[in-house]
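Here it is, the structure, as structure tokens.
When the chains are written out, they are named A, B, C, D, E and F in that same order, and each has its own residue count from 1.
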């Protein structure tokens, strides 16, 4: 376990994330121009879609079915467990609880990528079709969480605009679009773009995590504002959700790598798709709460400690 | 023929273009930051220049001569045929006819690249020096088309500024500059930058076509405004010009791949160099007409159907 | 010697620099969007840091010690020699002399990269830990040069803000950060990001030098304003400093490639870190003088003639 | 040159509102707008974007009546929950009928 | 602080005109300008760029006479065929002689 | 809608000054600002950046007294050595207390 942890902490992507945080702490003028951030995220999302799609094109449907159902079920369940914990234990008002639940039910693509990459290095390759599961996990939780509010009351925000924001949002379009392109053009098609989308991937991810560190560092300033409960929530909830997902993934027939990556996905909290949808649909929810929790607490936790933990657990169960 | 067509339609670059169009249709917020578009086009133009130049450096002049003369001749002829068709059959006024003729005489570098890439996959490699022909095809048509207006009348727009706009425009500078660098530094020089400029090429092109799809979709809205004649013109004219170029290319000694790529080049309509020059020189021409025709009709047509057509024709003649 | 020179002048990176200058001279609209420039410089600095750090991780400390001490010594000496020459021979006022001395004492990362790349092609590989020396050379000279002013007088500019500007400036953060990441994750870690950060390097550098040409061309316009003395200074001083560094590098045990690269580093003048620090600390210094000298004279000189010269010298001494 | 005095209304808002604001402007009678990507700080520290601080500035030249309508609309719908400011200035334009 | 009232002239135009407009400003007596990349919509939907909607905004502080000259020049040369608007506002500046 | 007239102060300065100017604004009493990346030319041709011509434009809505303080501060500290201009205009805002 300890050597898994160390291997993770000394990987270029985790170190790059740390460099980003440090750069901000020493008030460096290092910053990524916004177009570079956008370019990297377009690239990363399309790349994982393409690879996943090409893989799907030669995977029998039966193999994917059970993992897909498990993923969907978790996508419906985790926003509800999050909501209940926030309301009952955290004594949070309904709106903010639902807003945070939407984030923790949905998924962070970068956490997924980091987990997959970590698995590769450990020799615990996840199934190639995992990106399809990411696409499935992204949307339902946000819908469920918003329903928790809109089902009860007539409400300011716009439910339909929020939904459109997720469904036609760039992360879903790129991921699903990449999956379809990869599926249709197949392994042969992927080979043409391999040097760009596959070989360059980990380096681009390193650069992206440097930027993530710069952004997350700004959220760290707000840690005090959000209170101890939310800090604890941002660490404990991922462990619970992640462990459950590892177990269910194993049960659904995923490999050790696959279950661990599913664990990381389910444990992760969205900070791109969910915030945009929630801001539109639940404008009165406080962004400091949900952004700080997902980006300032859960993301760094998963990146540094969570991912090795889910792998250790998956190994223990399935290895 | 049908399998050539299908192979083309299922290539990652065509699918990426389609994804861009769909993203716009579903009103996704996916968009490329302008600097990314510029970076990709700088990269693509310089890359094809470099490859072409390195190839030229070990090609005997005699081999290039006839294809070059054919290209120049087509660059003078196609704006005139376009102009005559627009005036006589389309009953278009002189200014708009000349503006559109400038676009259809000139060349779209992306169509060229797509054709070349398609040839590679089909095992019908075009000659390595084709990029030099692209550079030759870009400028003359615009000059000829502007002369059709300026020869007759004293005129608002600035002829010299328009010409400078093409000659010193970034697409000519990058293409010709790349050719010269490639030529001077030779195969040895190219090898140093190969992983960046050669291996990454098709992936970068895929990304670029996604963006092209986003842009072209905006032009599709204007299809109704431009009328049936121009829609027909944007499909029939490329077929005629392209077929002529395939035949002449074959006659000039080009391989099957080379003739087909020449066909695609000549069939294509410019949407970067020509619009800038025409806007300056013929401000009273209606941009909706020439941009919609070249970007909304001819580019997608060539990408999806034209390129396989020119290859089928070249095969039939020369194979 | 002549063939070394020719090989250098015909390398893609030097030709790309020339293309940038020419594009500006013919008033082309070619320009790099600022985010692309920033992206490339983030990439290049991080990449050389990573490679250097991975190399350091398996280099015995004893091997690095003497070259490091020599580098530090040169970083203290060269601003002083520059200052004295500017004051005594150039009759320049104290403020401008110190400002220029800060630039010539510090280092241009791009010149370093170009020299290292040139060595690779010549088969005269420099030591892998050279990037660590670049990081060491960047800061001291600026401190020394500012002290020459601040030691004597109470002064407008802010000494501490200027220092923070260098130490937490993005070039130092990326270079040192890259070194640390490379060192901690080692050769194994570097391998993961190799296709992105190592294979793509020379191509990205070519693109960057095209942009450098565009920028340097703007400085060339100011050549007349700065006077003959400064033009001479910008050529002679690098030769003197560079030759001294080659000799000392050889003495410190560096290989032929290593001494030559050290020569190029010491000969080079900063145009990113130093200008920012000097503008804050010595606002009354004239930017036209220091920017034109370092970017308009010394950078092109080193790129085209200086680098082959230092290699020829290193070969002659150590080969 | 014959100039007319109209109102330049400027809105600075968090980016997530861009589409809605532009739609609202059109409905309220604006005939055009100019949009700039800006950043900024005000009383609200954070917004729904990992890119906190990134805002859009929307400028539109309109008649005084339309200006009032726009300001009222924004005050009513957005002031409470969103990071947004709005202000107006008189400007002299030529071709006054282009904007009304 | 002694302030003077001058004119701030703002031009929003399609990007292809940038070079020409800056040259014209200089010739008409402007001593400086500030340029912003913007996008926008108005009465003309399309322009000569695959990047429709991308405009430049040019702001220049000038004396009232120069302001009139600039507005007239633009109305005469660009209103007919190009996507361009121009407007003027009074501004208070210090160091008034810097701008005239 | 109840509007109040305040001052919009605009500063255009070379980028190296950004951090200092924002700090100064806060100290002088500004409650917010909007920042745009711009380029420009004026009487000083060159500045300390390979990116000559790149400036920031900082706009802040403040009370007339704070506006005066800002203009004075900038005139005193930056006019001599740096590329910077500053100007002020009256603007009508709603929620006037937000800015003072």
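As a working rule, contacts are C-beta pairs under 8 Å (C-beta built on N, C-alpha and C of every residue); 3 or more make two chains touch, one makes a residue touch a chain.
Everything numeric in this text was worked out from a predicted model, so none of it was measured.
Participant: Going chain by chain, each one touching the next, work out the least steps from subunit A to subunit E.
Facilitator: 2
Participant: Name the chain whose C-alpha centroid is most distant from the C-alpha centroid of subunit D.
Facilitator: Result for the farthest chain: C.
Participant: Could you pull out the chain whose C-alpha mean position is farthest off from that of subunit E?
Facilitator: Computed centres place A farthest from subunit E.
Participant: So, what's the distance in Å between the C-alpha centres of subunit F and subunit B?
Facilitator: 47
Participant: Using Cα averages as centroids, what's the distance between subunit C and subunit F in whole Å?
Facilitator: Measuring from centre to centre gives 35 Å for this pair.
Participant: Express in whole angstrom the distance between the two chain centres, defined as the mean CA positions of subunit A and subunit B.
Facilitator: Spacing between the chain centres: roughly 41 Å.
Participant: Using the touch definition from the top, which residues of subunit E touch two or more other chains?
Facilitator: In subunit E, the residues touching two or more other chains are 36, 89.
Participant: By residue number and range, which residues of subunit C touch two or more other chains?
Facilitator: Residues 33-35, 39, 195, 199-200 of subunit C each touch two or more of the other chains.
Participant: Chain pairs that touch, all of them, please.
Facilitator: Touching chain pairs, listed by label, come out as A-B, A-C, A-D, B-C, B-E, C-F, D-E, D-F, E-F.
Participant: Give the list of subunit F residues in touch with subunit D in this complex.
Facilitator: Residues 1, 3, 8, 31-36, 61, 89-95, 98.
Participant: For the complex, which residues does subunit C have touching subunit F?
Facilitator: Per the touch definition, subunit C meets subunit F at residues 34, 37, 156, 161, 215, 218, 222, 271-272, 275-276, 278-280, 283-284, 287-288, 291, 295.
Participant: Inside the complex, what are the residues of subunit F that reach subunit E?
Facilitator: 12, 36-43, 55, 57, 68, 71-72, 75, 79, 85-89
Participant: Mind pulling up the subunit F residues that touch subunit C in the complex?
Facilitator: On the subunit F side, the touching residues are 14, 16, 20, 45-52, 54, 80-82.
Participant: Flag every residue of subunit A that touches subunit C in the complex, lowest number first.
Facilitator: 10-12, 15-16, 19, 22-23, 26-36, 39, 117, 121, 195, 199-204, 206-207, 210
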